[in-house]
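So, here's a batch of structures to check.
In the two complexes below, subunit A is the common chain; its partner is subunit B in one and subunit C in the other.
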Partner chain A sequence: MASFLVFPTGFPVYINNYTKGLYDYIEGLPPGSIVAVSVDFSASAYDESGPVLEATVIHMFRRNLKLVFVGYNQDVPMLSEKALIKLARYTSNKVYGEDYVVLPYVVGADTGLASFGRDPHGMFKKDYRGNDIDKLPLMDRVHHARDFSLAISYGAGQMGQAYVRQWHIPYGVKVADCGSALFLANIITDYESGLIVGGAVAVRGAAEYERLIGVLGDGTRNMDSINASHLMVVLAIAAANVRFLWQKIRQQKKGC
Partner chain B sequence: MAEDSPAEEGVLAEMDVSVYLGNLLGVFLIATIFSYLWKDNRIYRFAASTYIGFSVAHGMILQYEFLKKGLFSDLAAGKLISIVPLLLGLMCFTSLSRGYRWLNRYALALMLGTSLGLDLRGRAGTVVINLLATMKPLNNLNNIVIIVCAITPMVYFLFSAKNRISIQIGRIGRYAMMVAFGATFANVGLTRLSYLMGAILNILRAFGLAS
Partner chain C sequence: MPISLFKRLMVPILVLGICGLLAMIDLWFPWIPGLTSLEDNLVGWVTSIIAFSLFVGVTSYVTRKIRSIRKKEADWVFDAWALVVIVAVLALYMVTGSTASAGYQWWYRVVYTNAGSAMISLLGFYVVYSAYRSMAAKTLEVAFMIVAAVLVFLTNATIGEVIWGGIPLIGRWILDNPVLGVTRAIVIAAGISGLAMGLRILIGREKAVLG
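Entry: the complex of A and B
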């Protein structure tokens, strides 16, 4: 299984409509649009949600969108910086403060999100790197949640739904939910009912998104191994059943 | 793969030395945590305590930074209204004292009330939209499944008017819930497997075996 991590083959991955929904929405945004990249998972969940974050950020940087990294978990700034280091190839032509900004984390879920949406400058005086927020050109364009063309929540929890409650319902901001696989049912429900524009969910979603943007990243690598693991489990179940049936038939023959 | 954008091998692998050193340390900690599979041992407990210690320390520093950049700088700038959240925050610590514990309730009541109010503001909208989305024409199998799986579990939890028909409908609802829980459990399995694959990938990268 580990061999697929070293030599990813890119098993066929069916692209779900909610993943395509997010891709299409980002494709449709005019260059220069501002996106809130809400990193809402802790360090331990990076292996699940990190590949989705990386794939979507690559796509958004390619589309020349302006990214505001923010989040509601104390690990957020550190993980945002980690993703940006990994994506150095895509950020080399981007200017910090003009093309992207990393904000400190926001305390509180719904309450923090509502406050940030109403007055981002009131909530933060400085960014994570210690710069004065009022002096950052990108933050000059951000004074309310309505200034964001899209908010994407990457999370192990249900911050995507909090974005729907606090930004989409009152202000009409479009939201995408790239949550954990655990919340897949909620994400599909929200997508089908039109509350979110889409979402790439967990490693599977990352593999789908990487296929859409033509990148071979951690999502494809991990998904290949997971596919191989699932195949092994299926084969093991089949082998155990064949042996069980074989023993039963032999016992019946002996009984006769 | 998108036709006009060929795959780019190893594009996510450009990391500096500090990240590689971090990976090496991560490998050591992953190995020590996995040593629990053999049996509970001191190295495992060391790794677990290290993880908790680092998490708490990191959290405390960030909390302090948050206060310093927000509340304390506001106070320094002469915004006296910031004294109110400072006092409310300090009131939370009165839960440590039996005599002044009652003060804690005011802070908690304000926090819970605000959260609940904000939550309800948006939740009412989301519930209505989700409910409307389940009201579909019965013209294909998917829509029929959605409607059956939305109504029958509600009948299962209807305890006031039990009769033979409602019990039978409720049984369908129980199966619908079992399928939903099964799918959720499978997704939890997928999550854990992706954590494992990520850990293995980190180990391979630390030794230069994967890009």
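Entry: the complex of A and C
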């Protein structure tokens, strides 16, 4: 199994319709549109959700979209900064405060989300870096959830559905859900129902997105470890059934 | 009815009902003067209460750990280590002045994130082991479930298509048809249940939320 990590396989990646849906929606946004980048996962989930975050942020910066990093987990600002440091070569021509802003985290999940959507300036007086948000040109354009052209939730939980409840249904804000693989069924359901514009799901989603934007990132690289771990589980299931059959045959022989 | 019982039951029920009704009325009739600002205040209070509960949580956690160390309960050494880490991180924050400082960011990126990833990675071995222990096809129903699980599993990994081109097609069909239908049923059922529960709370029929 370790050979997968030593010798990259480069297996082809089929692109799912919900990943393409998110890509197409971002492609269609006019430059200068504001996007809420909601980092809703904790540090331990960075290896699963981080590559999606990085791939979509690269795409959005290329499209000259304005990004407001926010989220509902205490790790949000630090993880946003970590992603921005990793993507330094894509952010070198971007100006903090004009092209992107990192806000502190919001407590209270649905309630916090509703509160932030109604009055972002009432909720935060300063950004994560200690700047007065009233003095940031980008935040001067953000006074309500309606000012966002898109909200993307990157999460290990179900904050994507909270965005649908608190921002999409009352205000019509378009939502994308880049949740973890655990919530794939919910994400497909929301996408097919038209509640979300799309979503790149976990490492597989990141690999698909990287293929769409032509970048070799952690998603593509980590697919080999995903293949190895999935194959290990399938082999474990096969071994369990061989053992079960073997035991059954032995019992039958004893019975005879 | 004794006054204590009235306070214990009726006041929280009234508060719940009035707050819930205000939130609902504001959603449907936002043009009523002053209602939106009142609702904004209510939502702000909830956020503040949740923020305060985090402080209560930390205080409770530290108190519990100190008690464990004093009484030398089982694994008290780990509790002591947890306290040391809490104090060290707090000290780092106090010295650097912000969680956005380079020092704090370094600790977060180099130590905390990697430690978290390592912890999660260990789960992978448990998953493989539990698959071996529990996923034997002892009945026909279980056999169907295991075959479906393996196909969806290999669909999400790119290796499935390499093993056999039909795997992702079948896996996608399972996800787009049976799984989609069942998930929709669950979501709709949960939505209707949530509505019924909300109504029961609003009219004071549901008392479990009061503890």
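Assume the second predicted complex is superposed on the first by the 218 of 256 C-alpha atoms of A that agree within 3 Å, B and C clash if a C-alpha of one lies under 4 Å from a C-alpha of the other, contacts with A are read in each partner's own complex, and residues count from 1 in each chain.
In this text, a contact is a pair of C-beta atoms (placed from the backbone, for glycine too) under 8 Å apart; a residue touches a chain by one contact, two chains touch by 3 or more.
Because the structure is predicted, anything quoted here is derived from the model rather than measured.
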{"item": "Partner chain(s) touched by A:81 [first = subunit B, second = subunit C, both, neither]", "value": "second"}
{"item": "Contacts of A:95 with subunit B and subunit C, given as first, second, both or neither", "value": "neither"}
{"item": "Contacts of A:188 with subunit B and subunit C, given as first, second, both or neither", "value": "second"}
{"item": "First, second, both or neither for A:129, with subunit B first and subunit C second", "value": "second"}
{"item": "Which superposed partner A:244 touches (first subunit B, second subunit C, both, neither)", "value": "second"}
{"item": "First (subunit B), second (subunit C), both or neither touched by A:111", "value": "both"}
{"item": "Touching partner for A:170 - first (subunit B), second (subunit C), both, neither", "value": "both"}
{"item": "Which of subunit B and subunit C A:229 touches, first, second, both or neither", "value": "both"}
{"item": "First (subunit B), second (subunit C), both or neither touched by A:213", "value": "first"}
{"item": "Set intersection of subunit A contacts, subunit C complex versus subunit B complex", "value": "44-47, 77-78, 82, 85, 107-108, 111, 114, 123, 170, 181, 184-185, 189, 192-193, 204, 226, 229"}
{"item": "Subunit B-touching residues of subunit A, taken from the complex the two chains share", "value": "2, 5-6, 10, 44-48, 50, 54, 58, 74-75, 77-78, 82, 85-90, 104-105, 107-111, 114, 123-126, 161-162, 164-166, 168-170, 180-182, 184-185, 189-190, 192-195, 202-204, 211-218, 221-222, 225-226, 229"}
{"item": "Interface residues, subunit A side, partner subunit C - complex", "value": "9, 11-14, 42-47, 77-79, 81-82, 85, 106-108, 111-112, 114-115, 118-119, 122-123, 128-130, 170, 181, 184-186, 188-189, 192-193, 204, 207, 223, 226-227, 229-234, 236-237, 239-241, 243-244"}
{"item": "Residue ranges of subunit C in contact with subunit A within the complex", "value": "27, 40, 43-44, 46-47, 50-51, 54, 98-100, 104-105, 108-109, 112-113, 116-117, 119-121, 124, 127-129, 131-138, 146, 149-150, 153-154, 156-159, 161-162, 168, 175-176, 179-180, 183-184, 187"}
{"item": "Contacting residues of subunit B [partner subunit A, same complex]", "value": "1-2, 4-16, 19, 58-59, 62-63, 65-66, 69-70, 73, 111, 114-115, 118-119, 121-123, 125-126, 129-130, 132-133, 180, 183-184, 187-188, 190-191, 193-195, 197-202, 204, 209-210"}
